[in-house]
Amino acid sequence: GKFGRYGGQYVPEALMPAIEELEDAYERYVLNNEDGFMDEFRQRLRDFGGRPTPTQYAERLSERYDRDVYMKREDLLHGGAHKLNNALGQVLLAKYMGKERIIAETGAGQHGTATAMACAHLDFDCEVYMGERDINRQRPNVFRMKINGAEVNPVTVGRGTLKEAISETMRDWATNVEDTHYVIGSVVGPHPFPAMVRDFQSVISEEAREQMREQAGTLPDSVLACAGGGSNTMGAFAEFVDDDGVDLYAVEAGGSSLSVDEEKGVAPNSASLSTGGEGVLHGARTKLLQDYDGQIMESHSVSSGLDYAGVGPELAYLVDENRATPVNVDDDAALEAFHRLSRMEGVIPALETAHAFAYLENNHEDLGDTVLVNVSGRGDKDLESVIEETEKRGIENAPDMSMFSGGLR
Amino acid sequence: MSRIPEAFADGPAFIPYLAVGDPDYESSIEYVEALERGGADVIELGLPFSEPIAEGPTIQNAVVRALEGGMTPTRFFEFVEELDVDVPLVCMTYYNLIYRYGGERAERPRAFVEKAAEVGLDGFVVPDLPAEEADPLREACDEFDLDLVFIVAPTTEGQRLERIMEQVSGYVYVQARLGVTGARSDVSTQTDESLGRLSDWDVPKAVGFGIKTGEHAERIVAGGADGIIVGSALVDIVAEGHENGDSAEAVADRLEQKARELSEGAEKGFAQRTPHPERT
Amino acid sequence: GKFGRYGGQYVPEALMPAIEELEDAYERYVLNNEDGFMDEFRQRLRDFGGRPTPTQYAERLSERYDRDVYMKREDLLHGGAHKLNNALGQVLLAKYMGKERIIAETGAGQHGTATAMACAHLDFDCEVYMGERDINRQRPNVFRMKINGAEVNPVTVGRGTLKEAISETMRDWATNVEDTHYVIGSVVGPHPFPAMVRDFQSVISEEAREQMREQAGTLPDSVLACAGGGSNTMGAFAEFVDDDGVDLYAVEAGGSSLSVDEEKGVAPNSASLSTGGEGVLHGARTKLLQDYDGQIMESHSVSSGLDYAGVGPELAYLVDENRATPVNVDDDAALEAFHRLSRMEGVIPALETAHAFAYLENNHEDLGDTVLVNVSGRGDKDLESVIEETEKRGIENAPDMSMFSGGLR
Amino acid sequence: MSRIPEAFADGPAFIPYLAVGDPDYESSIEYVEALERGGADVIELGLPFSEPIAEGPTIQNAVVRALEGGMTPTRFFEFVEELDVDVPLVCMTYYNLIYRYGGERAERPRAFVEKAAEVGLDGFVVPDLPAEEADPLREACDEFDLDLVFIVAPTTEGQRLERIMEQVSGYVYVQARLGVTGARSDVSTQTDESLGRLSDWDVPKAVGFGIKTGEHAERIVAGGADGIIVGSALVDIVAEGHENGDSAEAVADRLEQKARELSEGAEKGFAQRTPHPERT
């Protein structure tokens, strides 16, 4: 349950038996394919989820950067993001474990919608905790969860974002642990979550590695993925970790600045790999945005899905081992990349994803001849935010959106 | 050197909890001292952490008030030094504050424990630190002769119980029901089952989660508990006083009164036990 | 260029040379794969579009209806609907033909967004005509087109829906015919459009037929697809037309009523196959919603994408030949089906698609042991409409949506 | 029996267009009659169709006004019967109205043509009916001795020209530029090229699309056109009068005046031709 010094199981005693039960189930069903669990999982990923997703050669970006750019198209997965890989895996596992109820937390709403979809598909009751601020930033996703039959529980504590929603979901789990499975949405939380979520997401790099071999005839020199909690990141990295020639870049949200305001307890970024210190949060030891005393900071990003003060422990480990490079880009660069990819490739990325492409724009010369970027999700959920933020910041490469200055209605 | 064992030596222990610095430093001093006057045998002092995942809304709000009031680990230790009480004091907090104490170059988590011993604390309860991850803290506690209290949940069984038994000292915190902290009007039957599972343990068994009244306290102690832990019912009094703008003195009086009700309830429960256990 | 008595080329003389040029290109590139056009098309559909899309066994619907229900998941295609199959095909063809500019019309915005995406992908200038009323019903799609770099031209004539947008696009084409290709969005318009669009869309039934053989071990007894203009319909039917045992159901929008108001020139439905008369519109002879004199009626459907007074000529022919059965369901039934599929299968369908599932709900007993339903698109674009219409109509099986009563913002 | 050939026999033909029923039946009668007074040699009467795909905004709006005023094919035929003019009349409309006339059981499109002949129309222009689809209408026209005018566009070349030449009668409508109907301040050079391509055709060549002034008319006829077709410039006058609430009489006067300007322009252009063609 450890990745070097990171990981572990820092949770209330009441949850420990459930976590041990989950550990057992993870080993039996996921690692050892007991009762054909993994076969069923892969088949459902195919038929319900739409796997495999393509790895696409990005013609115009390749021309722009004078190197071969490939995009792993997780935006094409059912629900519009890589999140379903994990949500479907965990909900199916809950079914094998005989659980009756699913809870989850969500930031941008992508994990919540993926979990709600998986629960509708597998006929589970589902409750999703979501910060009130995020609910207001991501109304369409809230609505999608509800029409998929999930309850959405607003979390009003603190600033009302992902961090608070995770804490609240842990409280629910501690109360209802006997019949309930908590579907954690990223490679965070107590063991076995970080390993298990990575395993469910590693289908991304498993496919991409094979597709690169077939289509490019080579492995990429660099793999880029945005990193918040890090599930798409670990999914995109996992099968390349042993390929020494492949550089792995975890692109974090630089927000408006990398500096922090200790007084207010606010970090105007979500760059925990780049700037965070070691600590314990939400069940694991990892890198965190925290103040001198160890109080967790409110993070910030223009993208809800990256807006988290922690990061997966395995990523922290890979960074310490110099196997992955943490980098970051700011909000403005991400918005510009959003518009660039939409206009040049006809792929509207999630604002999370846009961070990876912003890094490509600014640093392509250091990334080798062949670059693979993980398109972790599509941007439909972000349209309102993009209108608002593009206008506010005067992003230069955006189309004229004056007709939308009041929003989408 | 921990004074906790003495607290259980003489009948049931009443163990109240307050979040330190709620709603401000000065009032909080008065409140803790009022608890002692009301009959506290041990006091749990909550060092507020920004992500209190094991707490219900009552204590979450207390934590927010305390943090907004400027409470920090450094201030917390000053607070403990300044307190004029004569009962054992247990620090309840989350592991990250213990782990991070003293800055990047400190020896973790030893620095925190050393400081705790220095200011006169007797032990710790760390809700997000299960026995599996507790070795470093356990070692530091041993070095400075402080107790490390563990929580036993209704779901804790078999091997897990043994693992905790090996690590625990001071008392075991018996979680009365599943869920998070918070006052309840019922007391779960899970309590009896838990106490039953722990009947052969040497360490005192203090029951917490949901105890609200003297009657609850009575019933639980009558059922075999060596102590009762009460947090939310007391924090509610602080919150209400804060909202109503009452004087710290008035709030302290109410806390003392409530403490007395609970403490006396525990004594009554103890008197009812058959066969009446010998006092050691 | 004819399907029995239907089809033809009823367009202004100025367009005829362009149409003849297109006919020639269609024969060379599409039918004869000259210069490897079809190979490139199929590869781009795979890498950019995400084909093949799965055919999924719908477990809970199968249980509900006591027969095997399969869903062809075109909602997973890039852009969220089957529309990209055709848009990508035509934009690529325009490239092979040496055209420089793309125009298109759109109703629900799905064809417009697909065309805008294809144009961004293939580096074409793109202008999309859209009725003003549809613009207001489908703001997110308008925004998506703009961020993909397309111009969106509002059409204010008439009621401002698809019919008027098509007329306006034909006018643009007549003006700029020499360097411009008009990407018609459905199996309508003058020959070769109905045949060519069908051929681009027939990948749906080509895949589904093979997938049914593999997964169900049999061909379906019935294939259901919603029908507006009919591109997903023909795409879903094409490869099954020669399978005599497979019944084909074209599910039209019954709107609020099948009757018409000749006085006002309004048909409160879009059921041209079920109720229309033969006539000539937008380049082809087909079945139309028209008054006694031959004036075209304003159609209606809760779903913008079905809201059209005409229908593909080949569908009119298949209906006359009794090879396809035209049926219809009303707005309320479609909304109920929208909620049912979302909640039971975790697939949020487009309101267009929901019509096919509404027919399944009401008539499953007549559809045989194995039913294939084409999920033509996803419902994200319809969330605002669904909130408004669900509330207005008091749809029973909808979740509590009171928090959305002001819409999604 | 079509009277169209006569209209071209005596110098250049001025062929104005109006949408019938714009903005109402009665005014429209006056307007058409004013055109004759202004020198019209043939008049194109637009039967409004709900989807006028070949028209620009000016005529689209006229069509909307006429339809809102209650114009239908039946009323159109009544209108033609009621008109007191002595020049050939050509019905300009879209094929669906021709095709649908007479209800489900009628013989299509013969029923429409028969009725047209009966009320005294001389021919048709059908912008969405290319030569390829025209056989049924051509046959009915032959039966009733009416003309079928075809449009030749700037893009029409080679085989297409031949196909049209085989079908056309009355006159050929030479589309002056690409696009839809509408007045323009320039006259395209495409006109000369088109006329050049048709130089060996027997049928008269009338140029339309964008002619707005007497000067345009003059230039085009000087360039070899046998006639000019003017729609939008006249419809603009109707629209303006309608918007300003002018009397039908005032609008009719303006139409007559504009018609005269155009008709005289055409005559002037004809006079400039070198070598001066013989009048037959």
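Each chain carries a letter (A, B, C and D) given by its place in the written order, and its residues are counted from 1.
Assume contacts are C-beta pairs under 8 Å (C-beta built on N, C-alpha and C of every residue); 3 or more make two chains touch, one makes a residue touch a chain.
Only a predicted model underlies this, so the values are computations on that prediction, with no experimental measurement involved.
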| item | value |
| --- | --- |
| Chain whose Cα centroid lies at the greatest distance from that of subunit C | B |
| Mean-CA-position distance for subunit C and subunit A (Å) | 34 |
| Centre distance in Å when subunit A and subunit B are each reduced to the mean of their C-alpha atoms | 37 |
| Mean-CA-position distance for subunit C and subunit B (Å) | 66 |
| Chain-level touch network, classified as line, ring, star, complete or other | line |
| Pairs of chains satisfying the touch condition | A-B, A-C, C-D |
| Touch list for subunit A against partner subunit B, complex | 8-18, 20, 157-158, 163, 167, 170-171, 174-178, 265, 277, 279-283, 288, 290, 292-296 |
| Residue ranges of subunit A touching subunit C (in the complex, touch as defined) | 46-48, 50, 53-57, 59-60, 73, 75-78, 80, 116-121, 123, 139-140, 142-144, 146-149, 215, 338-339, 342-348, 380, 383-384, 386-387, 398-401, 403-404, 407-409 |
| Residues of subunit B that touch subunit A when the two form their complex | 49-56, 60, 64, 67, 72-74, 94-97, 99-101, 103-104, 127-133, 150-157, 160, 164, 175, 178-180 |
